[in-house]
Each structure stands twice: as structure tokens, then as C-alpha cells.
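These notes open a run of structures that come right after.
Across the two complexes that follow, chain A remains constant while its partner is chain B and subsequently chain C.
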Partner chain A sequence: MLDIFGTMNISASGMTAQRMRLDVIADNIANAETTRTDEGGPYRRKNVVFQEVLNKAMGIRGGFTNTLSTDQLGGVHVDSIVEDQRPFKLVYDPSHPDANEEGYVQMPNVNVLREMIDLINAQRSYEANVSSINATKAFASAALGIGKG
Partner chain B sequence: MSNGIDPINSLTSLDPIKRLERIQNTQASQVKKGEAEPDFQKILNDALKSVNVQQKDAIQAEDDFAAGKISNIHDVIIRAEKAAMSLTMTMEVRNKIVDAYKEIMRMQL
Partner chain C sequence: MNGFFNSNFSTLPAALDAASTRNTIIAQNIANAETPGYKRKEVDFETYLQQAMGDGDGLELKKTDDKHFQKYPSSIRDVQARIRTVSDTRITNDGNNVDIDQQEALLAANTIRYQTLSRLISMTISRYNTVIKGVR
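Let's look at the complex of A and B:
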């Protein structure tokens, strides 16, 4: 079993991951109208990929090789940031300097509404991790209160 | 603390001879164990050191955050929380030790 700080570290990793997700969502919202990038073409929506962290080095305590010990649990980390490969939106705006011959501009494949929902999701997940840290602390405090009743 | 006074056993062994036997056994095992066990002072010192490390880590995190080296606020708070938790734990243990000491000092001889 992990010590109480190990449990807190798991929650901290979740919070860090959600923070990185917030960075990516903020970038998506900020670039929702961006038509120029270093690679050429409009901005592509970015997405985070989370991966579970397992400490394989920790010994397996169970009797079966496929059982996990909680010692191995390490939380989550952001594996990579990937680009959304969905097509760009075409907007008719002949006055735009990046418009093509027919007057259409390629706009980023960012849906601001979708980003807002992801934002709320990230916020709630972050808060959930805070709750789990508070619960961890409550466990410890309760244990320290043994015999005081 | 296997050689502490077991309340259940002391209740069941009302036979005085058995009781005496048990006390002698306990004393004998204490003498034997005393040599191999690390002394109380060392255990206390090590525990206090680890608490101190937590405190220092929390202060370091605050400094780093003020200097702009840490971008995650929660890291700072969590480290401070860990330090506070270990200090609370230390205080609880300390209170227990002081209570035990007072209890013994109050004993009528």
C-alpha cells in the first residue's frame, strides 16, 4: 500500500495533467480564428493524450503475476499533444488576405463551444482531484484522532 | 510492541502463578531484545529529520514559486500540506510520549 503522501502524489499528477489540458484548451480558444501558422495553413486544434503511470520496478505483491499492488500506482501523465486531423472550416470572406480565388478562407478546425465544454470538464476534473486530496487528508486526520473521542 | 502488556491476556490469566510466570517471561524477552533494537533516541531523531525535510521542501517550493520556477500552484500547496500533515503527526506522537512520561512521573512509589 502507498503511504499517505503517495496517494497525494497520484492526485497531484492528475492535477498537473488537467493543468496541461487547460493550457491546450486555452491555446485552442486563443487560436480559434488563426489562419497563419509556421507550418503554413490555418491553426489545427490540439488535444492531449493521457497515459496511466505504473511503477513497474515496484515488486508484485499478489500471488498472481497479473495482479497489481497499489505500490505500483503512479497516477497519470500527459503522453503527448496531438493535432486534430479533421478538415478545416471554409468561410466565405473575399476581403480576407488569406482568401482563395473563390473568396473562401480556411479557418481552424476549432469549435469554440466544444472547447468551452472541454474547459468545464478540465475544471471539474481538477476539482475532483482536489476533493480526493482533501479526502486523503481527512483519512490521515481521522487516524490521528484515534483515541481522542 | 509485542512485549507490551496485553489487556486480554492479563484479564484471562487470573491465576497469580501464571501471571508471575508471564511477567518473568516478558522481562526476559525485554532484556534479550534490548541489545538488537535500535535505541529510542535514534528512532525519534530519524523521524524528526524526515519531518524537517518535509518542512524544508515546503519552504523550497514556496521560494521556487515566488521566483517563478514552479508553474503549478497545486504543487506548492500540496507540499505545504504534506509538511503540515507530518508536523501534526509528530505533535500527536510527541503528545503521546509526554503523556506517558507524565503518567509514569505521577506514579506513587
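Let's look at the complex of A and C:
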């Protein structure tokens, strides 16, 4: 049996993960036209990879009685931040200092429209986690009200 | 609790526990709404309770030894919430099957259920209080 704070921790982990996603999206938008990076070449779009957190290995008990218990649930975490391997955009701009001999500049593989959609998605998911925390708070106050008359 | 309190008094906390478990499960589902390959979890309680109350399929397991599997649940007192993973559907390309709107609706319904159950427990307690104190 997981306590009320454990449930809140699950929602909090969801909020942390979504905020990290927002950070990455902000980084992508800010660098949508960056042609120089430390690694050389233009900026590559970054993406977060979420992973479910289970505190204990599943299926230890085995057999017919193998059911998941709530203590095992730990929410979500950002497993890694990966770089988008899609090719860079080529833009014709001979005046640009990073242009090649034909006058083309390699621009980051960031699609700002796509980032805005991801941004809204992350925001909605964040809000869903907030409403989950509010529901848990309502549970706690209902439980505290038992027997008050 | 057997003699003094009626049978409701043992079923109500179990139902309250089930609602609490369901809340945790919904929180987990919402937190993992965009985790690739994550499968939605659900809580079974009401169907088990109905089975224990005799509204189920009516099939019994024959037991000739104590170590044989017992049908779950064997009595109303044994009924507990069980978590199940729904793994046979998918909604998005990455294999996730959490519908966040559905989870939000379940969350709202579950909160109302929990508040109703806790109110019922309070009312049961206050009935006993009335009996103990008497009406003057």
C-alpha cells in the first residue's frame, strides 16, 4: 500500500520529466538557427526519452499470485536526451560566413512548428499531473474528515 | 469487529483502499502518458466484490487438498484491489496506450467515489455514536 505522499511523488516525477522536456524544447527553439556548436557543424535537435520507474523488479513472486503492488510504482524519469539524426536543412545564402563553395548553409534540423506542438503537449501533460496532485489532496482531506461528524 | 459492527464496516475501508490504489495507478498512468512502450494499468475491485457477494459466474473450484488453488476471492473479507496491465491495445505509434482524457475522467470519478465512501464511513460511525449516547 503506497501512502498519499508516494502518489504525490509519482505526479511530481511526471512534472519534473515534463519540465525537463520543456527545457529541451526551449533549447531547440533558441538554437533553431545556430550554425556553430562546440562539436562543430550546426545545432542538432534534441529529444527526451521517458522511462517508467518501477522500484522493484516485476514478476519475482511468479505464478498465479503475481500482481503488481502500488509500492513498486515510482512514476517516470527522463532516461536520456538523444540527438535527432535527421539531415540538416540546406539554405542558399552566399553571404553567410558558414556557406560552402556553392553558397549553401547547413541549418539545424529544428522545425519550429513541430517544437511549438511539442511545447503544447508538454504543457498539457504537466497540467494533467497537477490535476492528479490536486485529486490526491482531495483524497487526503476526505480521509481526514472521517469521523468528524 | 465481527459482533459489534455490521459487515459494511469491513467492506467500506476495503473499497476506500481500492479507490486509493486506483488514484495511485491513475497518477502513474498520467505520469507515463508519453513514455514509449508504456502500457496502461487498471485496478479491479468491484468485479471481485460482486463475485464474492455471489453475483459472479457461480463456478467453484473443486478442492481436495488445502494446497490447491483457491478461487479468488473466497469471501467478502478477502476482496482486495488488484492491479492489471492492459497490454493488448495501442493508441500511439510508440506502443503507448494511455488516453490522457480518459484518465482525467477516471480521476474525477474516482475522487467523487472516495469522498462518497469516506462520507458513508462517517455516517456509519455517527449512527453508532447516536446509539451509544442515546437521543435526549
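Following the convention adopted for this analysis, the second predicted complex is superposed on the first by the 136 of 149 C-alpha atoms of A that agree within 3 Å, B and C clash if a C-alpha of one lies under 4 Å from a C-alpha of the other, contacts with A are read in each partner's own complex, and residues count from 1 in each chain.
The rule is simple: a contact is a pair of C-beta atoms (placed from the backbone, for glycine too) under 8 Å apart; a residue touches a chain by one contact, two chains touch by 3 or more.
No experiment lies behind these values; they were computed from the predicted model shown.
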The chain contacting more residues of chain A, comparing chain B with chain C, is C
Answer with first, second, both or neither: which of chain B and chain C does A:100 touch in the superposed model? neither
Go through the superposed model and pick first if A:5 touches only chain B, second if only chain C, both, or neither. first
Taking the superposition on A as described, I'd like to know which of chain B and chain C A:124 touches: first, second, both or neither. second
Chain B versus chain C as contact partner of A:19, first or second or both or neither: first
In the superposed arrangement, does A:55 touch chain B (first), chain C (second), both or neither? neither
Can you list the residues of chain A that meet both chain B and chain C? 4, 8, 11
Chain A residues touching chain C in their complex are 1-2, 4, 6-8, 10-11, 13-14, 17, 49-52, 64, 67-70, 73, 75-76, 121, 124-125, 128-129, 131-132, 135-136, 138-139, 142-143, 145-149
Note: in the complex, chain B contacts chain A through residues 71-72, 74-75, 78, 81-82, 85, 88-89, 92
List of chain C residues in touch with chain A within their complex: 16-17, 19-21, 23-28, 30-36, 38, 41, 69, 82-85, 100, 103-104, 107-108, 110-111, 114-115, 118-119, 121-122, 125-126, 129
For the complex, give me every residue of chain A touching chain B. 4-5, 8, 11-12, 15-16, 19, 130, 133, 137, 140-141, 144
